[in-house]
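Per-chain numbering from 1; labels A, B, C and D assigned in written order.
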Amino acid sequence: MESRDQVPEKLSVLHPIRDAFLQVRQRSVSICGSLEVEDFVVQSIPEASPVKWHLAHTTWFFETFVLEPFLEDFKPFHPFFGYLFNSYYHQAGERHPRAERGMLSRPTLEEVLRYRAQVEQATLRLLAARSDPEVHRRVVLGTHHEQQHQELILTDIKTCLGRNPLLPALLGQDPPSAGSAPDLEYTEVAGGQVRIGALAGLKRFHFDNEGPEHIVTLRPFSIANRLVSNGEYLEFVLAGGYDDPVNWLSDGWTERTSHRWSRPEYWFLDRKKWREYTLYGPMDLDPDNPVTHVSFYEADAYARWLGARLPTEFEWEHAARCLGVTDRAPGYEDESLHPRGRSETGCGQFFGDCWQWTASAYGPYPGFRPTSDALGEYNGKFMANQMVLRGSSCATPAGHERLTYRNFFYPKDRWQFTGIRLARDLA
Amino acid sequence: MESRDQVPEKLSVLHPIRDAFLQVRQRSVSICGSLEVEDFVVQSIPEASPVKWHLAHTTWFFETFVLEPFLEDFKPFHPFFGYLFNSYYHQAGERHPRAERGMLSRPTLEEVLRYRAQVEQATLRLLAARSDPEVHRRVVLGTHHEQQHQELILTDIKTCLGRNPLLPALLGQDPPSAGSAPDLEYTEVAGGQVRIGALAGLKRFHFDNEGPEHIVTLRPFSIANRLVSNGEYLEFVLAGGYDDPVNWLSDGWTERTSHRWSRPEYWFLDRKKWREYTLYGPMDLDPDNPVTHVSFYEADAYARWLGARLPTEFEWEHAARCLGVTDRAPGYEDESLHPRGRSETGCGQFFGDCWQWTASAYGPYPGFRPTSDALGEYNGKFMANQMVLRGSSCATPAGHERLTYRNFFYPKDRWQFTGIRLARDLA
Amino acid sequence: MESRDQVPEKLSVLHPIRDAFLQVRQRSVSICGSLEVEDFVVQSIPEASPVKWHLAHTTWFFETFVLEPFLEDFKPFHPFFGYLFNSYYHQAGERHPRAERGMLSRPTLEEVLRYRAQVEQATLRLLAARSDPEVHRRVVLGTHHEQQHQELILTDIKTCLGRNPLLPALLGQDPPSAGSAPDLEYTEVAGGQVRIGALAGLKRFHFDNEGPEHIVTLRPFSIANRLVSNGEYLEFVLAGGYDDPVNWLSDGWTERTSHRWSRPEYWFLDRKKWREYTLYGPMDLDPDNPVTHVSFYEADAYARWLGARLPTEFEWEHAARCLGVTDRAPGYEDESLHPRGRSETGCGQFFGDCWQWTASAYGPYPGFRPTSDALGEYNGKFMANQMVLRGSSCATPAGHERLTYRNFFYPKDRWQFTGIRLARDLA
Amino acid sequence: MESRDQVPEKLSVLHPIRDAFLQVRQRSVSICGSLEVEDFVVQSIPEASPVKWHLAHTTWFFETFVLEPFLEDFKPFHPFFGYLFNSYYHQAGERHPRAERGMLSRPTLEEVLRYRAQVEQATLRLLAARSDPEVHRRVVLGTHHEQQHQELILTDIKTCLGRNPLLPALLGQDPPSAGSAPDLEYTEVAGGQVRIGALAGLKRFHFDNEGPEHIVTLRPFSIANRLVSNGEYLEFVLAGGYDDPVNWLSDGWTERTSHRWSRPEYWFLDRKKWREYTLYGPMDLDPDNPVTHVSFYEADAYARWLGARLPTEFEWEHAARCLGVTDRAPGYEDESLHPRGRSETGCGQFFGDCWQWTASAYGPYPGFRPTSDALGEYNGKFMANQMVLRGSSCATPAGHERLTYRNFFYPKDRWQFTGIRLARDLA
């Protein structure tokens, strides 16, 4: 097998798709640099997957949807990897049960890395040999798909380390310093007929669920200038907000009760002091940092308690546009793996700290039609029971955020970097 | 205790609120006329409740929200009934666990009927004594609330009898004869900016979740002239539609697999013949009758298999209006407790046969604000994880249906009289 | 159908088997005399069955094992009753799931009573017509089987009423007055080679699991003169006995933890006063009454806490014989449905108050062989995971107790009238 | 930290306790020699533990029960390891939940090996410094305890690899060749009063549950000359033995049904050929090898189907003695990690191939009293719901087997090397 350095000559010409592909593939491994071999194996909650699985699954995607259909002498790396590393692509055949991913000690990490290298080499060769636009489309899709999994690698390993009684840190250094949160203010946004979603045919990549672009009629509303902070959310906790059913949706109250929620996922009290597990290890709770790892139910309960509400995904997108937020908005130079207070005015934390729960259930936009091949199973399959999140988080790869991006999780999910942006009706 | 016949003289003047109250209260008991005492006790699935519980809970509603706040010398009928017969009104205090309602042999049916009579008498006296509009509002709300429970009484008892290996009939007689289904056709409906929801301040009652009235922008679409029939749905079953994951939402496939769905809830094969349990007992499957007792997942899978889709709740309401359907539309004189094929053209089965799953998740309309008292918990509490159903069913009390009515159930629920109306995008 | 009074003339001759049959059959109904129709339907815990089911199942036993094989023109009362009212007799075919017995509102109580009457008539006619000893053997077996279910009817209805927040009494009157418990003393019993079990071939009925009679070698031991009292057990509760894992078997600790046991099944604290639900309704806890409704794990933990132990079933039987206890021992004239303190010395409470958990796992005696027909499934099927209880309880029908009787329940079971007799090794 | 080679001089004198300690400690690591790091992490069934956990737990035993009480300047290796690696010793404090052992990626294998080395060094120093007999007693106990865990390491890793769809082999080489099974014959054994159990005060180590020695009265019986073979058990499978409830105990039928058992744990059909997963990888089923990985329920059902039965633990021990089997009996020079057919007559497979389910529930021998310290929790805690197994298996460390050894598992357990020896009553 060739080493990754021996990329064939002719590939070295400018090739943005290939470059993005290579860069993303390498980053998936590099973000795991501080992990121990043992960390790659564990699945600590059913919703999460072992890191090893993510590294293999993203590779299986290229093998199955790029190499298999376009390589004439295609031979799978291993006959069982399709079974093991398929996730929800039912068309692609039988799958290993999701809840048992943590049972697989084999293939080893080393084998998975060999799998990665081999599929990468073959993909690079294919890109060099064929300029079929469908190949390009699929490599781009696979690259974005892998970026999604990079965020999951970080949140999934956080569930593993954060549930370990030893509370080990993923990162040895201290986190970048945080600013103090500005006063919470609401900006009025005019309603009317607004365009929502991604326009087809543009150069810029977007997932199928971001379109078709369409018109939504909005009433005027106001939206908060930043995310809800730890300090603000702590008031809700201390005021008994978790114990008063009036604040909660019926299903939320059931979740809160059966899981005994009384605070965000990684908060804990240590000798009467509020602390928080982070990827930098346990830290004192910083009241200026945005609250994170709250479920939709908690975000909704907090807003209700305050007499505010969550924005719809349409309001979020429209407000961001009106406020001049662009896809590249955050501009946070320093990489942090924990959301931070931002004293700079203007940015509004639409991107880069926490995904923001919206009041919108995840469903198809008018006229949405999944592509008819197996890839079409990608996003449309999940259009029930989940809520849309907008923005991006500290764990989102740079360049992956978009104004039209629709992330989605179940309303009970708390293991992502999820936070709260408030909105209000105008009187 | 006075008998129900001894209504005080002064009440006999024209009083539509009182008349509706009395009529609805009497109907709740009369629709149970063919039940055995034992039938009132059983809770056959966690989602359903014993009939006895429904009769008491609807009574508790009047006792708690009408008598307690407005009667000066109020004394509860029984100190524990608030605990036993409260449902989701958290503000009203602790509740008996829902899943254990079938464990309660006491109070007996006879005691519950005494409870009903006493609360009715007191309510009538209150209506006679006070003309407080808030009392009127609450009695009207309680009346509509009880109508909702009348439908649940019928569907809940169906789960009890339909799961009993003896397959007993609720009704002794034969069902009213059914017509043959006309050809399935699609009517084009123009899009644009349309008004959705109930206008506040009108005489006609509506639930809080039906408003505020607001503007929705629709694309043109087409909608089916009738519900999907048993015969059509059987083709899906026989074609292996339940076994091909391509047809299914991811969560739907999980449900189908864990519950081994392979056909609608009450269908069964008897010596190679398709039969269906109905409240009239087991019957041969009539291919012209609308398919019923399908979950949202099945409705969605069927539509996808066909290349069609479900309408949104906005499309449904708009189409009904465009097609001249009104609140009183069905006009089916003969009462049936099973949905039937309708050969008459025009009616379109918007009302009176099956509730129709829409593609819309149940959420608040823009500007929706629940009332701030305990009654406000009524509908808003459920605005997560459920799908909107529109129309009405054969079990809906006459006069209870409305064009703006928003029924809601979990996408997995199959015990209601739920059916399928198809829609399509225009090319 | 003939009424029960019209017993054919020739049956009126002396016939102990028939007399016992008739008496037991009538008692099954008469002990239900104070129940409401609704009480017959409920299954409040999976281990219990609805009273209606017991009345039908005991009838099905006679129909299946007596009428069907010996009646030439046998026709089942109802083709589905075999499916519904079979319990663990696998040979007799498919069975309705045990956990769903409470879902059956039909057949109604009235139908079940008609079923009882018809099978009784046919059995009486068969007894009059045939003197086949196998028929006699089976009628006797069915009679004893029905007596077992009489005890279950009482304990099962207690779980239903005792879990109802209204805490209704089964019996209107006060319980018979109780005596004060004498001092707890231990009697030494010599060991050696002792005969255990029932001798085959005697007139007196016994179940198959009580034989063969065999020799067991015992070490000398001492045994308590009465059951452990509420007052004594309360000391264990108040001393934190439920919270110290040292007292508990590993599996017991797991049960205690997952079910949050902190006291016997029907005890509760009412304004700092210990009370107990009984079939006579809630009563103050009488410290002289034997503690009851404790699991084996609790009995074992209590004994361990005290430095004592439970007797083996062999020690129990041998001690009872040595102490002059006989099958007819209790001689309690007054019927009570609650265990009581017994001030009379000598009787020792071996019978009549609480079943006594032994340290013996339920298994076959040496040489035990179940009969080869379906009846052979009766007792041998359960010889795993259960513990033997000896003696009898206040709910055991008079005449049903025996020195060799082996009752058996799971070590976690608490809904029977189970109590504690202590033993000790001699130093 | 000193390396293991730098053992202090004075230890080099002959010291069997120290030698056994060292040898056993080293073997725990050496039997893991062919594992990948990833294999040490996984817990594939709740009953099993990760290999890493076993290596740490056996070390925690010495740290807690030897070092902590006897070392003056004792400091734990890590303050949390007591929480993480305690198992059922409740007295020793709070424990990490058993079912979440597979969630712990940290401490890493390397840290655990450092933990082992440090505790070993300290123990060796203690042994060199103190000749306190209680220290010796505890080191010996810890050594035997660790030998038990060596067997668990092998069976637990087998559940991990055997459930992996890749079916990886633990061992690279072929298994030692197996002999052909001799004809199955029964030897008559005289009954009478026999001594059972281990005599206290002997030099030879035994666990507390093997005593006190006591007299049991046995009836004459006959016992099989070898274990039941795969070929014989396959007949039961092919005859539908798994599908006929007549063969099964009631609880066994429930297990078989809920887990869909249709063959021993590691058997599978591969293109109509019976194969078996072994630690050497998948192999064709050898009909002469003993059947293994069957639960007690299956062993009991097989015996019942054949008209035979399982021996009691007393019969097993007595028969072994009568047949001249001694503690050192097997004499199988070649180490195998799979049970094999043994053509040599005489040995009778009492040791060395499969643990043998007996008909005896696991309970205390007469007069058994657990030691009063935390070590006393060791065996007595489990005396409910489990069945005794006698003999030893191919995974039992040489020298660990004893005629009086009482192994115990739940009747549903199948992941140990468990097999079947038959017995019969004499006519």
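Criterion: a residue touches a chain if its C-beta (ideal position, glycine included) is under 8 Å from a C-beta of that chain, and two chains touch if they have at least 3 such contacts.
Not measured: the values here are computed from a predicted model.
S.K.: Quick check on the contact graph: shortest path length from chain A to chain C, in steps?
M.R.: The fewest touching-chain steps linking chain A to chain C number 2.
S.K.: What is the distance, in whole Å, between the centres of chain B and chain C, each centre taken as the mean of its C-alpha atoms?
M.R.: About 46 Å, centre to centre.
S.K.: So what's the Cα centroid distance for chain B and chain D, whole Å?
M.R.: Between these chains, centre-to-centre, one finds 59 Å.
S.K.: Just give me the whole-number Å value for how far the CA centre of chain C lies from that of chain D.
M.R.: Distance between chain centres, rounded to whole Å: 38 Å.
S.K.: Could you pull out the residues of chain C that touch at least 2 other chains?
M.R.: Correct list: empty.
S.K.: Taking the top-of-page definition of touch, could you list the pairs of chains it picks out?
M.R.: A-B, A-D, B-C, C-D
S.K.: Tell me, which parts of chain B touch chain A in their complex?
M.R.: Going by the criterion above, the answer is residues 88, 90-91, 193, 214-219, 245-246, 248-253, 296-297, 300, 359-361, 363-364, 366-367, 369, 377, 381-385, 387, 411, 425.
S.K.: Over in the complex, which chain C residues touch chain B? Could you list them?
M.R.: Residue positions touching the partner: 36-42, 44, 52, 80, 83-84, 96, 100, 102-109, 160-161, 163-166, 168.
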